[in-house]
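Presented below is the structure to which this report refers.
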Amino acid sequence: MVDTALALQNILTPPVLFFFLGVLAVLLGSDLEIPAPLPKLFSLYLLLAIGFTGGVQLERSGLSLTVLLSVGAAVLMASVIPLYSFLILRTRLDIYNSAAIAAAYGSTSAVTYITAESFLRVLELPYDGFMVAALALMESPAIIVGLLLVRLLGRSSRKPGQEKVGLGAVLHEAFLNSSVFLLIGSLLVGFLVAQQGPTGVQKLELFTDKLFYGVLTFFLLDMGLVAARRLNELRRAGPFLIGFAVLMPLINAALAIGLAAVLGMSQGTALLFAVLCAGSSYIAVPAAMRMTVPEANPSLYISTGLGLTFPFNIIVGIPLYLQVIKTVIPAS
Amino acid sequence: MNRVDVILSERELERLTSVIDSSGAPGYSVARHITGRGAHGLVASESLEVTGLGTNVHVIIFCEEPVAEALRTALRPLLAYYGGVAFVSTCEPI
Amino acid sequence: MVDTALALQNILTPPVLFFFLGVLAVLLGSDLEIPAPLPKLFSLYLLLAIGFTGGVQLERSGLSLTVLLSVGAAVLMASVIPLYSFLILRTRLDIYNSAAIAAAYGSTSAVTYITAESFLRVLELPYDGFMVAALALMESPAIIVGLLLVRLLGRSSRKPGQEKVGLGAVLHEAFLNSSVFLLIGSLLVGFLVAQQGPTGVQKLELFTDKLFYGVLTFFLLDMGLVAARRLNELRRAGPFLIGFAVLMPLINAALAIGLAAVLGMSQGTALLFAVLCAGSSYIAVPAAMRMTVPEANPSLYISTGLGLTFPFNIIVGIPLYLQVIKTVIPAS
Amino acid sequence: MNRVDVILSERELERLTSVIDSSGAPGYSVARHITGRGAHGLVASESLEVTGLGTNVHVIIFCEEPVAEALRTALRPLLAYYGGVAFVSTCEPI
Amino acid sequence: MNRVDVILSERELERLTSVIDSSGAPGYSVARHITGRGAHGLVASESLEVTGLGTNVHVIIFCEEPVAEALRTALRPLLAYYGGVAFVSTCEPI
Amino acid sequence: MVDTALALQNILTPPVLFFFLGVLAVLLGSDLEIPAPLPKLFSLYLLLAIGFTGGVQLERSGLSLTVLLSVGAAVLMASVIPLYSFLILRTRLDIYNSAAIAAAYGSTSAVTYITAESFLRVLELPYDGFMVAALALMESPAIIVGLLLVRLLGRSSRKPGQEKVGLGAVLHEAFLNSSVFLLIGSLLVGFLVAQQGPTGVQKLELFTDKLFYGVLTFFLLDMGLVAARRLNELRRAGPFLIGFAVLMPLINAALAIGLAAVLGMSQGTALLFAVLCAGSSYIAVPAAMRMTVPEANPSLYISTGLGLTFPFNIIVGIPLYLQVIKTVIPAS
């Protein structure tokens, strides 16, 4: 039985309600839009802010065993999820599309993570801020596993004379992609600044903290517009992919919660970990896949993640995973 | 003289400009934030801004015919691999 | 006799001074500009913030008789103003331009409303925050009345073979126009969030409150640039329209103040109501008129509102209406 | 081949793309934030951004002649009602 | 009919539009934020946004031949002093 | 011996670290970018905020002799620096390029000034806020001196038939350039608002104060991207200009510190004055030079200032000048 109060508490927050407003705007045919490059401003801000805050938290907690275990578990999941996702997808799709979608589900969704973090703050449930390091480190392994799948199983189809994308270019894309770079960079900056004492952190916190919820709200309004426009494409993708987009986060979150219990994560941290595994990347992975697997159809790997898995996690997933976690992991 | 119009994803812009530079073209101009539809489907501003895939660029090169010919040879594999279109027409300097 | 202290108090606020700075930049030929789409960012923010805050206030005051009466009076004025405006305009202009300008004056100016609200906060005069609902609901009736005027009196001139814009399309434009939609949507979100208790509201208030005055200041700098560029066009429009653009807000505000006194509004609320009636829409109405009355000249209905009525209300109107209100309505 | 250039208000963009789609064109490209002057006066960025009227779009369609012909028929009433201009020239794929 | 394409720095846009206005052209369209390379080096978005020099504009004028001729005479000194390029081609109204 | 602690304290602040992050992004080939016109939003905000705050401070300190002396000294330096810079540059470059670069070094860099101000706030060293008036007034004399140099020494080369740019147009550019105009305008607004009492100032301070450090951080991230892209061009400019770009700020700062000591400025104010003189303009001067000296190569006068002098001042200059000042001027 789903805890309706908890679900409502998540849905009736400004970010999620504005997400619905965006979806509604598209469904009703309003001309509401947030013109480019304003969404970019919001996403740059959000990445910088969570990176910085994560770095500060990392410095505070130190590079302890807990940190290493949590981040290690995230990297492991980012490498394993693409493998079993690929096997499932191959029952219906070709190698290229299977590998690209698998990589997207191995990696994670920064906005889902941020929304979950905001939700925890509203509930005043404690969590480990350093999990943002896991967020930053999940993109790269998923991209690399996705690429290896294509290289090992699909290489022969490449026609001679066609451009060849080297492993170097892929690793470059995996680690220097603007989102990954800004996230890791801000994390390091936060770490260094926190080492100097509290003044530097406090000065920037006015910016990274106070604005955060508002920018997130604006960004989710935009994501509502974007996700709703993707819904149509998804309908064309057929029931197999629709089912995949809803079941996959459930499976990944279930595994993640089990692992979190074994590793002794707190309830809050376990939610973040579950959400990291349940999310599908639409930031770094698509750009990398487009370059390395141009045979795959971007509308497939973007639409499943953005049109369905993302709203599913935001609306149903976050409160659901937390409810499960509360029955599995004791409150600390 | 020739006018060459190339439209492709902004992620390939650097590759394209280095092709143009080595073709000997006297210059080029780039318009960003181009959306559209082609063989690879719809490129719509909102979602591509969010996904990091970006939108298209429209690059114009005014050049002599031999340069356009060199461009043709260098552009084809690029367009074949990554998608995009390119067209040539004639014009005169003012 | 105008209360100079009050007028100065309005003029010497940052938003109004930056408005002048924008006007000055154009008059002196500076290349100052706020490039697109930055003004859009500001207007989206302002609409979202006043909608949200209005919704919170609406929830706090409840859907009382006062609320219904105030909002009803606004809708009434939005329907009546276009009728008498049309009669005045028809003495000099054709049916199409008359109807379009009439609709603009029936509706209202969100920025004027916001500036008046800011002014009240500086003076610490209380007002009913739910008046923002009236702001949201005045666009649609004005658009519909404007359209009916054209349909009933001007239809015959439409040439066969030309596209016909149905009533559905007009209603769509009247209610789903991006500004109206965002305003009403944010109002509903604010209402729903406020029902959940104070935490959600407080979290977003850091964003909707603290930034508000600054963004308004920036936006008025831009409006100064925009209004000054419209002044030239207005000069070409001739003395009749110039007179109309200054007298109309006075007439509408006078009627509104009378109605406010009858309905027993407080001084602050009466000012908001007067400003709503005195303003001319340059947000939703132009877009609707362009679609339904392409025969009308946009530069006429935009320039009168934006180039003259808007600055007139900001600079002269707001303190003037408040002064009149203070003699008519007793302080509560 | 033909190149068709259409410039009109962004508020009619959706109408235009559905006309293009049903003309059988293999694709199109859209540049937004176009300002300018035409029979209906000046379209300047600042004020139209604020009024919600928006600015113009410039849409380019590379297509075969019959498609351009179909576009011509479908575009004319749109341009006549809402304003805007369209021109055709010739070009070759690279 | 003729199509004239002018690309130059946005700082000269006002000078250009007044030249166009006095040439008798029925209209023009302006795309901003154009980057590129020409005889005067690279025009890249980032730094020119910061320096206040701005980027380029691409202005298109559809006009009859005599107007294009008038434009030619008026444009040349402008382009010679400030830089920029302009080309003419032929087209037909749709 | 350089005070490493002080240097580190400057480097390990968020703005400077994000500047490095931007440089790193370019060096490693990441696709990180802050798309236009977002940097414009940041620079408009920063100019408005420092202008407004400066105006408030100016009102508080009154138009005293100290103010006039400090601003006068800045105007003097802005006129003298181009003269000796020109003499140095003429040993290797033609008249046009020499004059344009000289003008850039006579004027100053707003971002360097802002970073120095932030640094003083972190150190809690008092300084005179009215120095922002000096910042605003240094652009124009440098532009005019640069132009006079070209007119007096280089005019003959202009071919007949070429457009002639009158002195009026140059003065227009010198005083109505958007950055100078916004800075001076905001200063006046701040002055006027402060005269009305503290309420108006407080209302806008939430915006101009709290966001400031965050926006500066974002802007320096962008400046890091921009400066690093200029490094390549600089390499082509050769060792003479590279040496000039590093030695010139040292010479100018040394002169400035001497003058500051003579005029009895406090340590904090002296740092601002030194930084004003050491900086090179890449905002107003390039635009003016492009119009009046099209014969000069913009990549030379922009790259030296932006690619080398700017980062040099940010990273080495600010802590170095302060250290020297501490040995020359007693703490107050």
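Read from first to last, the chains carry the letters A, B, C, D, E and F; within each, the first residue is number 1.
The rule we apply is simple: a contact is a pair of C-beta atoms (placed from the backbone, for glycine too) under 8 Å apart; a residue touches a chain by one contact, two chains touch by 3 or more.
In UniProt terms, the chains line up like this: B, D, E = Nitrogen regulatory protein P-II.
Bear in mind the structure is a predicted one, so any value in this text is a computation, not a measurement.
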Contact-graph separation of chain B and chain E, given in steps at minimum: 1
What is the chain whose Cα centre is as far as it gets from that of chain D? F
Using mean Cα positions as chain centres, tell me which chain lies farthest from chain C. B
If you average the CA atoms of chain A and of chain B, how far apart do the two points sit, in angstrom? 32
On a C-alpha centroid basis, what's the spacing between chain B and chain D, in Å? 20
Chain A-chain D separation of Cα centroids, rounded to whole Å: 38
For chain B, jot down the residues that touch at least 2 other chains. 11, 31-33, 45, 89
In chain C, residues with contacts to at least two other chains: 31, 33-37, 40-41, 177-178, 210-211
Provide the residue numbers of chain D that touch chain C in the complex, in ascending order. 9, 11, 33, 40-42, 44-47, 49-53, 55, 77-78, 80-83
Name, in rising order, each residue of chain A that touches chain F in their complex. 36-37, 40-41, 44-45, 48, 52, 172, 176-178, 181-182, 185-186, 189, 192-193, 195-196, 199-200, 203-204, 206-208, 210-211
Parts of chain E lying in touch with chain D, wherever the complex brings them together: 1, 3, 17, 21, 26-33, 60, 62, 89-94
Please give the residue numbers of chain F that touch chain A in the complex, ascending. 9, 12-14, 17-18, 21, 24-25, 28-38, 41, 122, 210-211, 213-215, 217-218, 221
Which chain F residues qualify as touching chain E in the complex? 33-37, 39-40, 43, 161-163, 177-179, 222-223, 225-226, 229-230, 282-284, 286-287, 290-291, 294, 297-299, 302, 306
